[in-house]
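Each chain carries a letter (A, B, C and D) given by its place in the written order, and its residues are counted from 1.
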Amino acid sequence: MSSSFGTLFRVTTFGESHGAGLGAVVDGCPPRLALAAADIQAALDRRRPGQSDLTTPRQETDRVEILSGVQDGVTLGTPIGLIVRNADQRPGDYGNLDTVPRPSHADFTYQAKYGLRARSGGGRASARETAMRVAAGAIAAKLLRVRWNVEIVAWVDAVGDVAPAAVDPESVTVAAVDGNPVRCPDLAAAERFTAAIVAAKADADSVGGVVACVARGVPAGWGEPVFGKCEAQLAGAMLSIPATKGFEVGSGFAGARLRGSAHNDAFVARADGTLGTATNRSGGIQGGITNSEPIVFRIAFKPPATIGREQVTADYAGRPVTLAARGRHDPCVVPRAVPIVEAMAALVLADLAMIQAAREAAAPR
Amino acid sequence: MSSSFGTLFRVTTFGESHGAGLGAVVDGCPPRLALAAADIQAALDRRRPGQSDLTTPRQETDRVEILSGVQDGVTLGTPIGLIVRNADQRPGDYGNLDTVPRPSHADFTYQAKYGLRARSGGGRASARETAMRVAAGAIAAKLLRVRWNVEIVAWVDAVGDVAPAAVDPESVTVAAVDGNPVRCPDLAAAERFTAAIVAAKADADSVGGVVACVARGVPAGWGEPVFGKCEAQLAGAMLSIPATKGFEVGSGFAGARLRGSAHNDAFVARADGTLGTATNRSGGIQGGITNSEPIVFRIAFKPPATIGREQVTADYAGRPVTLAARGRHDPCVVPRAVPIVEAMAALVLADLAMIQAAREAAAPR
Amino acid sequence: MSSSFGTLFRVTTFGESHGAGLGAVVDGCPPRLALAAADIQAALDRRRPGQSDLTTPRQETDRVEILSGVQDGVTLGTPIGLIVRNADQRPGDYGNLDTVPRPSHADFTYQAKYGLRARSGGGRASARETAMRVAAGAIAAKLLRVRWNVEIVAWVDAVGDVAPAAVDPESVTVAAVDGNPVRCPDLAAAERFTAAIVAAKADADSVGGVVACVARGVPAGWGEPVFGKCEAQLAGAMLSIPATKGFEVGSGFAGARLRGSAHNDAFVARADGTLGTATNRSGGIQGGITNSEPIVFRIAFKPPATIGREQVTADYAGRPVTLAARGRHDPCVVPRAVPIVEAMAALVLADLAMIQAAREAAAPR
Amino acid sequence: MSSSFGTLFRVTTFGESHGAGLGAVVDGCPPRLALAAADIQAALDRRRPGQSDLTTPRQETDRVEILSGVQDGVTLGTPIGLIVRNADQRPGDYGNLDTVPRPSHADFTYQAKYGLRARSGGGRASARETAMRVAAGAIAAKLLRVRWNVEIVAWVDAVGDVAPAAVDPESVTVAAVDGNPVRCPDLAAAERFTAAIVAAKADADSVGGVVACVARGVPAGWGEPVFGKCEAQLAGAMLSIPATKGFEVGSGFAGARLRGSAHNDAFVARADGTLGTATNRSGGIQGGITNSEPIVFRIAFKPPATIGREQVTADYAGRPVTLAARGRHDPCVVPRAVPIVEAMAALVLADLAMIQAAREAAAPR
């Protein structure tokens, strides 16, 4: 039951890394949204492997097919069925993984959980699973843009231990993010990040990083107290992405070091008469509910577990072994994680938007 | 619908800060668990206000009553109804809040969401709501302890910008945590933290902090891919606690700075023949599934928004005002957040335990 | 987890028959609905025992208390906590039931399911559980009335094997239904039904019956394909009421005997220009979605299992025994089932109304 | 969100009648269940059109493809993705339906709900949608058979107004049911039913009917009080099947005519020492929980709405029109409904089995 996400705008995904294909069902999307395969394909193309030297050389064209829910270029309101065929599987690459669980990968835990596991390439634990998040998220993002004028932009904020980027969440654009392969709109930082990834790759090693994300245009009032708070759903969504280790919203961990007098966001009247805040340490959310300021959050990604360097570890039987993984893997996941983060944010916000729309429409006038 | 949490072990809560009372329904708890009101009361007593100089002076005895689901000292398997009456309400304390939204509090967003709001004290956004999380979590924690020998311990890991604590998650105990009012088992750090809170209070100010938590004894195999990963559910649970700004598991944000060769947890054979890991940067979870190492995570709490110091802000109409909040509030939430974090962790793990139990019991032999 | 019902308008109940009390949490009710305890009490008073000679003599005043979610006479949009204390428990009445499961009652199955059971009076399987359905349903019914002008009326349509009632679903009123203790607005039928119940009671026996229900004013468009069809949710809701054995909508089982040419409801233009149907064998629902005609359905209730007459059966150990139940029980449940049926219908429709409101509000314009 | 069904064993479906194809995701199926496409294909072949003169001549081979979740002939525990391509669409057949809603069909209500509709053939309201229920149900049925030795058999119990069948639920087999095209194991009744269908078809008309179903081997203890009772879930599942008008379990509507002394099922010791009941008016369920007797229920199906005979009705604008539907349709749905009923029963029971397995495994020993 954990392959579904959302309450009213709800996506269900399936597919192993080296099986026949991947798919998603998007249920609850409202009718009359203009939608074509190209809308989804554009998002998939941002995520797919083989885009640059910084990512895995696995070649997957990730051509999406819409099987249902769309007619004459608009949604019907019925479930939208999507599939992507796997093309470039090479199960042979994963030979000795049948006896040795990769350190910090999911081989061991899948075996413990299910009593068996997908033979190669991580099965459901592979990052390949995220393709369908991106596909579904593209639909959510389009609904948010068309119906509520909400815009979501993510970027690479840090890679390894080099100095992080400086990016203004109020103005950053997808075009600026996509201006370089490492997906960092701060060009000086982009150079540092690229160098760090290239160096890790040269060492048959991998490196971690941080993705930041902003959602602009969200009106005040989205987010469901108590357990469905906006930041709670974002945190849960982001930590469901493979390789994530942390989430922070607004001031985040740095905010925990402050006093209230230095942390509070004072209210100010905007030119249009609505209330805004002079600062945004809240990250656009107060008490779990959006306040109409930009929603800003960051996600930590660990370095990919699969590396070519030799590692001393143990096989399933507990015998010491030295492992040097083959297979094709990203030396750093954050450039490709950017569209995944945007997709999950869109899925969270589209769902919260619909739930709040129901409340407003159902409340006595 | 967002006042419910969990799939099989499921809690639903209700209650405003200054209404008649609070309550919870715990549905799905298995039958035949020894349970008395005292089990729950002990947990509530750790959370309730007025425990020390470091917390709000509001006096609430928080006496819990079990209305259903328990007979002769054991659970029936039917929903467990719990209520706590509010006692020490002082709505009068919140006079001018009817016209001025408190900075970084939920007054403004509740008004935007619902078109009205609880007159005083934060209503559903008050930390008082967390009492019922603690009550329900006490039942989950007892089930985990009795049935699976799982133990959960949280502690205060940092307060403000003083040096954080050094605590060994493998050995820390609740008794050590509760050994001082600030709930930090590192006694030197406890002194620093206490001083920081006392200083903030003296300044009519507040200060943030970090709570860390460990769950020991969790077997390998809990956690539901893809969207129900163990760390995703923990992150969502923790960010649903009021005043939280961040979550990290295992190596967390620091892990994002490392290379894979320095981050991976090599497998090693344990004395009992099972596989463990030599290090625990994974925080006990790989691919969303527990690996039998301790689950370790940290949560950032912002400084409380309600402070006595004067703040320049705006009223609902956008007019500049100077606000100095009355009411009774904690200068720092982390000491009282410790049992709340434990409770949410217990609710997540009890639910995941039951879902995995279903899978194992239903799989063909 | 099965003590919750609904997606957006969601009720969770708790409480055993002979425990301390019963309660409900209504989560998702929109804000700004005028609501007082009296609204709920009026519904509870229609359900409570001891209303006439036709029902159990158990005396329960069923005074409801609202613990949260309402302020100044309107809903806050937060969860509404309700409790009712049990008053007239007499566990002693159920002495030998500890060793003998009542035929066609839930004693045996609860024991099998939980490995123990509430000591007396049916625990969670008692009809007493339905009080909280009625309480929650009263809120849903008020929302439907105030916001959508929807009116729900149920009545007793048949008792035992006497001739059923003839009632016009287009015009029947609650006042007419409540005009006599047996709750049948066809006065001749009411006499027959009363006589049948009195005769069964005189024989220390019980008798079954049928409740019919209409919802008028529902607009076209409520109901969620495929698994959330309006009739599917009504059927599930009604069969969750204790003692139910069947459900039919519109033409029902009689419709299965017809040909399409005799069954189809031709469309006709109404005076206001909208489309209606000349007949209503569809019962107001086509393809799972309401068509703006009255929703009409019927529910079969078996005769109460607990009877004073001697029954030859077996104890838990399989030994033959003769059982003559004590305790206080209804000779026929349908008069008191009328408000329960209305409540469940209201819960279904309020939820479907909100889900459709979300879709309409979220669809691009 | 209404295209998903179940809690732990959960199916999500998609697909319009005349789109590219249909699909389902089965999430939560335990690992290590032997499963091949042939298991599913066999069930689909029983449902697909064109099997005999009694069904629609539409030709669909309904070849299922498993895209994920199965490896080396066993389930992985991950979501099972299934697709079936549509082959024999003839949208042209439905020409004037763009202006005239078919009486008692879903054309009008889909238009009202979504503001647009699938151009032809009923879209999501078509019986074609049920193919994926059957596919998913085949997996549930196999799990029930392999793991719990549960067997589900449905048959045609009545057609139109001819005398119904007499079938023993304790002994009826799928082989006997499939022994004739009308799927009635009572051969004399099968002849009557066949004649009734042939006569309706000859008149360019349609006819209704009743399907009965039994589940044997279900242990005592499945079913979740209060809202998740076994009969409630079965009722909801069955009324979600297109064209259904009623559901009854055990004694059903006939039971409502009886007295308790005639209706109660006395307990008796079985040869193996367990408790059974001498009669089975309860239909295998007491208080919402299975009692280990066969679960027996019946479902009423209306005559198909689409008929070749002329009908006087109105177009969307309210103008009177005479409609004679083209397109290819079943004169009676019940023969093809048999595997659909079995599938929905299997989905309900597999889910309840897993939920109860979780409870038993999680309860303290």
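We adopt the following convention: a contact is a pair of C-beta atoms (placed from the backbone, for glycine too) under 8 Å apart; a residue touches a chain by one contact, two chains touch by 3 or more.
Computed from a predicted structure; not experimentally measured.
Enquirer: Among the chains, which is located farthest from subunit A on the basis of C-alpha centroids?
Expert: Computed centres place C farthest from subunit A.
Enquirer: Report which of C-D and A-D is connected by more C-beta pairs in contact.
Expert: Contact tally favours C-D.
Enquirer: Determine the centre-to-centre distance between subunit B and subunit D, using the mean Cα coordinates as centres, and give it in whole Å.
Expert: The answer is 45 Å.
Enquirer: Can you give the whole-Å distance between the Cα centres of subunit C and subunit D?
Expert: 26
Enquirer: So, what's the distance in Å between the C-alpha centres of subunit D and subunit A?
Expert: 38
Enquirer: Going through subunit A residue by residue, note those that touch at least 2 other chains and give them in order.
Expert: Answer for subunit A, listing residues that touch two or more other chains: 1-4, 7-8, 13, 28, 31-32, 77-78, 113-115, 124, 225, 355, 359, 363.
Enquirer: Which bits of subunit D are touching subunit A when the two form their complex?
Expert: These residues of subunit D touch subunit A: 1-4, 6-8, 10, 12-16, 19-23, 25, 27-28, 31-32, 65-69, 71-72, 74, 76-81, 83, 113-119, 123-124.
Enquirer: Please name which positions on subunit B make contact with subunit A in the complex.
Expert: 1-5, 7, 13, 101, 103-106, 108-110, 112-115, 122, 124-125, 129, 158, 160-161, 200, 203, 205-210, 219-229, 231-240, 242, 244-253, 255-270, 273-275, 277, 281-283, 285-292, 300-307, 309, 311-316, 318-319, 355-356, 359, 363
Enquirer: If we count contacts the way the header does, which residues on subunit C are in touch with subunit A in the complex?
Expert: Residue positions touching the partner: 7-8, 28, 30-34, 77-78, 143, 146-147, 225, 353-355, 357-365.
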